[in-house]
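Chain IDs A, B, C and D follow the sequence of writing; residue 1 opens each chain.
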Amino acid sequence: MKQRRQIPLRSDIAWSTPDRISVFGYDLPQQLIGKVNLGDMGFLEIVGRLPTKAESNVFNALLVTLVEHGVTPSAIATRMTYAGAPEAMQAAVAAGLLGLGTVFVGTIEGTAQILSEAIPNPNAKVALPTLADKIVADHRQSRRSIPGIGHPIHKPVDPRVPRLFSVARANGFGGPYIKLMQLVAKKAEAAYERNLPINATGAIGAICCELGLPWQVCRGIGVMARAVGLVGHILEESRRPMALEIWHRTDAEASAHIRGQSRRRT
Amino acid sequence: MKQRRQIPLRSDIAWSTPDRISVFGYDLPQQLIGKVNLGDMGFLEIVGRLPTKAESNVFNALLVTLVEHGVTPSAIATRMTYAGAPEAMQAAVAAGLLGLGTVFVGTIEGTAQILSEAIPNPNAKVALPTLADKIVADHRQSRRSIPGIGHPIHKPVDPRVPRLFSVARANGFGGPYIKLMQLVAKKAEAAYERNLPINATGAIGAICCELGLPWQVCRGIGVMARAVGLVGHILEESRRPMALEIWHRTDAEASAHIRGQSRRRT
Amino acid sequence: MKQRRQIPLRSDIAWSTPDRISVFGYDLPQQLIGKVNLGDMGFLEIVGRLPTKAESNVFNALLVTLVEHGVTPSAIATRMTYAGAPEAMQAAVAAGLLGLGTVFVGTIEGTAQILSEAIPNPNAKVALPTLADKIVADHRQSRRSIPGIGHPIHKPVDPRVPRLFSVARANGFGGPYIKLMQLVAKKAEAAYERNLPINATGAIGAICCELGLPWQVCRGIGVMARAVGLVGHILEESRRPMALEIWHRTDAEASAHIRGQSRRRT
Amino acid sequence: MKQRRQIPLRSDIAWSTPDRISVFGYDLPQQLIGKVNLGDMGFLEIVGRLPTKAESNVFNALLVTLVEHGVTPSAIATRMTYAGAPEAMQAAVAAGLLGLGTVFVGTIEGTAQILSEAIPNPNAKVALPTLADKIVADHRQSRRSIPGIGHPIHKPVDPRVPRLFSVARANGFGGPYIKLMQLVAKKAEAAYERNLPINATGAIGAICCELGLPWQVCRGIGVMARAVGLVGHILEESRRPMALEIWHRTDAEASAHIRGQSRRRT
């Protein structure tokens, strides 16, 4: 192990001296604090520069969409954690973020990957209906569900989706990825013969592609947004708790069928 | 346990139907998406209504301040986690949030608590110098450090602080909590005979009080902000990794003094 | 920052070479694998040497006590997380651990601190009743609850406690800390005029003191144990899920009083 | 949503009454505390019954193997978190667990899946060399690495592996899965023409199959084990810290190339 050659550590994100802090080349106090909003900072972290006004509008719209959806599994995990460790609010937020995986938010990632791989160059001429047919056929053949379509509650239309597409278009981001996503949903509905509307994460994945964001980081948009929302659930839990009540009800019902039973006498 | 009376579960945050989503009484698609930014959603989660323009400016300034400070312990925890589980980016962000406790960000909470308890009613006449003297004396007597003052790098002035106070004042939030915080720092410097500038979390704690936010939730501002910043570190780690190099260097140095030693022959 | 002097990094825990791994001076393959159990490894991590047979019996008993208590808030947080990210089981366990704070498991820490500070030297002659009176009086005066006594379900006796004390005594660890804890509970019941049995974390805190463990790390016993138990909940959730059902019931009930209401027409 | 039919909540794991606690049908105080060790509880959580003596030996050996491997990325994440939130030790352990994903410990899962799918019935006659050839060929063709073989440090033999196999055999668990794993490694070394020893997670995955554990939960063995080890790192960090030193060194080196640079004058 002695001979291991050191690889230099290198980060382009920020530097500090006693009187200055620089973030992606911007002077934090003078060029960012009081000048941009939190969503713009998210864009800066992903793209490495501040957004234009149009990009800011669209990127913030994506984030705003995912901040809050009521007492979700995430919010319940956060509230359960807060009930046990109210002195560590950061842990309660973290617990709620941990479930943002392939089932609930990772679909942004899946959608963005499919669309960006289908159209590597947004300026090239492509036959969108052919691409959509291929995406649906590939998923049917391998029996994988298509990420970004279908919703258990919001049908026949997820109300967030037309609004997101309208904001994107109004700001100049109504390009081929949105159109391809719409074709995929339409063709999937025909192929599977059931209601499969584009859902919020599908629309967000498509708009991420319009903004040119790398698909690998798109789940991060959901994570940023939900961290904001979970703080609200902590505040409400501190004022009007529900975690312990959910616990007591669940435990009583779940163990009722075995209560009093033993494997053998002691 | 049979007789336990159920307590109703109740949340005022949001509701959904197939075609609508409402968040704190606002129609999410029509009144929030495309109309407000991510920081405004954070204000909404804490206060229960959208901010005024002035409140939005100030609240976003607080958030923007804490998004990024380079390769911090938080960022290192995030990068270490991502190296082991790149398929679960949400876990890497969560790992980085978990250290936002009493040492690094919880001081927002401490500052806001001290200031809001010293001035329960911001409109009442109070003798600020007397309050500041009492805060410093109380902490000296019980040998606790005063949260929100002192910084290992940024001295004699934390460059974020004058900017934050200036943004607050320019938006009409230059009230007694900021003044009290400034007096506390001044009197602490005299009492301890060393440089104890207000640091970023101290300024943020004071401005939270100006905005009327409950001190119990102020740590959440740091959590919201840092969740945004950590996504940027994940993206950079995916492109130019440093986690494994830090690991190899650390492990080699830390165990050099015992390498080859055994408790006893086997 | 140039002049900062490096502090050497140093860990006494383990080292590896291509053909050897040493943990606290023991050869991992030859002296630990196949020779000791998981609980003994926990003792090794805290004390730095393997336990005697008696210490192993007692330490494993502490751990076994806290592995499982049904569908607790921890288990619910784990199940909620698994429902969203089944591909990242480690995140589901982590979510369940995050709530082991001052309310549910941190009381081990509190108990161990009070007892070890009351009796710094277990071999010295002390007046246990006087110490117990002082502990109860101090907590009453400052209106803090005494950690380690009282339980919402298990009364008038927590069935784990007599068993734990019996195991400790049978292995030679029935010293002054257990006696002091028993006196504290008895005197607290008299002072507060209600049933305040020693609970499991109280008994564990006292036995940790008998074993000579530092109180600062006693919460770790609960964390080790619960990590084991939460894996069982993940397996059951994968086979017979309850997370989504809890979610749907909770969300429906919690938002019923506002469903359909809007702040204003859109 | 009114018509949603409730699905009953049901867990077979545990139940409590004021004077009893039952875990998988065992009376916790009378049949588990003081009678079994922590590893046995892990077996109980996964299999639903206590292990035989032979099963206990082998299962504990698997767990003991993964408790500790020095200052790993997991341990660094834990130490970074503890530095920021020393009051919430459970969060520091959780942070260290979060990185146990597909890169570092998830390979147990992958190995167990491949082996158990190759030999669905351990008692059936199978041509092991043919199965091994197919596994290597399939992975070569799809350019995926074979989980459970190869190690950056431990070569030509991972010292934990022969010991694990020896413990398994001595306890009657030296069946076809171990043999198949050995053939896979041998054939992979031939095919790739380089050193590809079975590593610890490969051996553990194979032995999990010998024990009849479902592959879906095998990562949990690593999670249980590492939770124990991380508590030791927290204790050492509290006594001889390294987190802040790693931070300062890393930040200084990583930002040296941009320090002082700005995007534009302010």
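By our rule, a contact is a pair of C-beta atoms (placed from the backbone, for glycine too) under 8 Å apart; a residue touches a chain by one contact, two chains touch by 3 or more.
Remember, predicted model here, so these are calculated numbers, not experimental data.
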Number of steps on the shortest touching-chain route linking chain B and chain D: 1
Contact-graph distance - origin chain A, target chain C: 1
Cα superposition angle of chain C on its copy chain D, in degrees to the nearest 5: 180
Intercentroid distance (Cα basis), chain B paired with chain A, Å: 22
Separation of chain A from chain D, taking each centre as the mean of its C-alpha atoms, in whole Å: 28
Residue list for chain B, restricted to those that touch at least two other chains: 1, 9-12, 14-17, 30, 70-71, 85, 87-88, 90-91, 94-95, 98-101, 105, 153, 242, 246, 250, 254-255
Complex contact set, residues of chain C against chain D: 1, 4, 6-7, 9-21, 23, 28-30, 32-34, 36-42, 44-46, 56-57, 60-61, 63-65, 67-71, 88-91, 93-95, 97-101, 105, 153-155, 157, 159-160, 162-164, 166-167, 170, 214, 216-217, 219-220, 222-225, 227-229, 231-236, 238, 240, 242, 245-246, 248-249, 252
Chain B-facing residues of chain D, complex: 1, 17, 70-74, 76-77, 80-88, 91-92, 94-95, 98-106, 242-244, 246-247, 250-251, 254-255
For the chain D and chain A complex, residues of the former touching the latter: 1, 8-17, 22, 24-27, 30-31, 85, 87-88, 90-91, 94, 98, 153, 250, 253-255, 257-264, 266
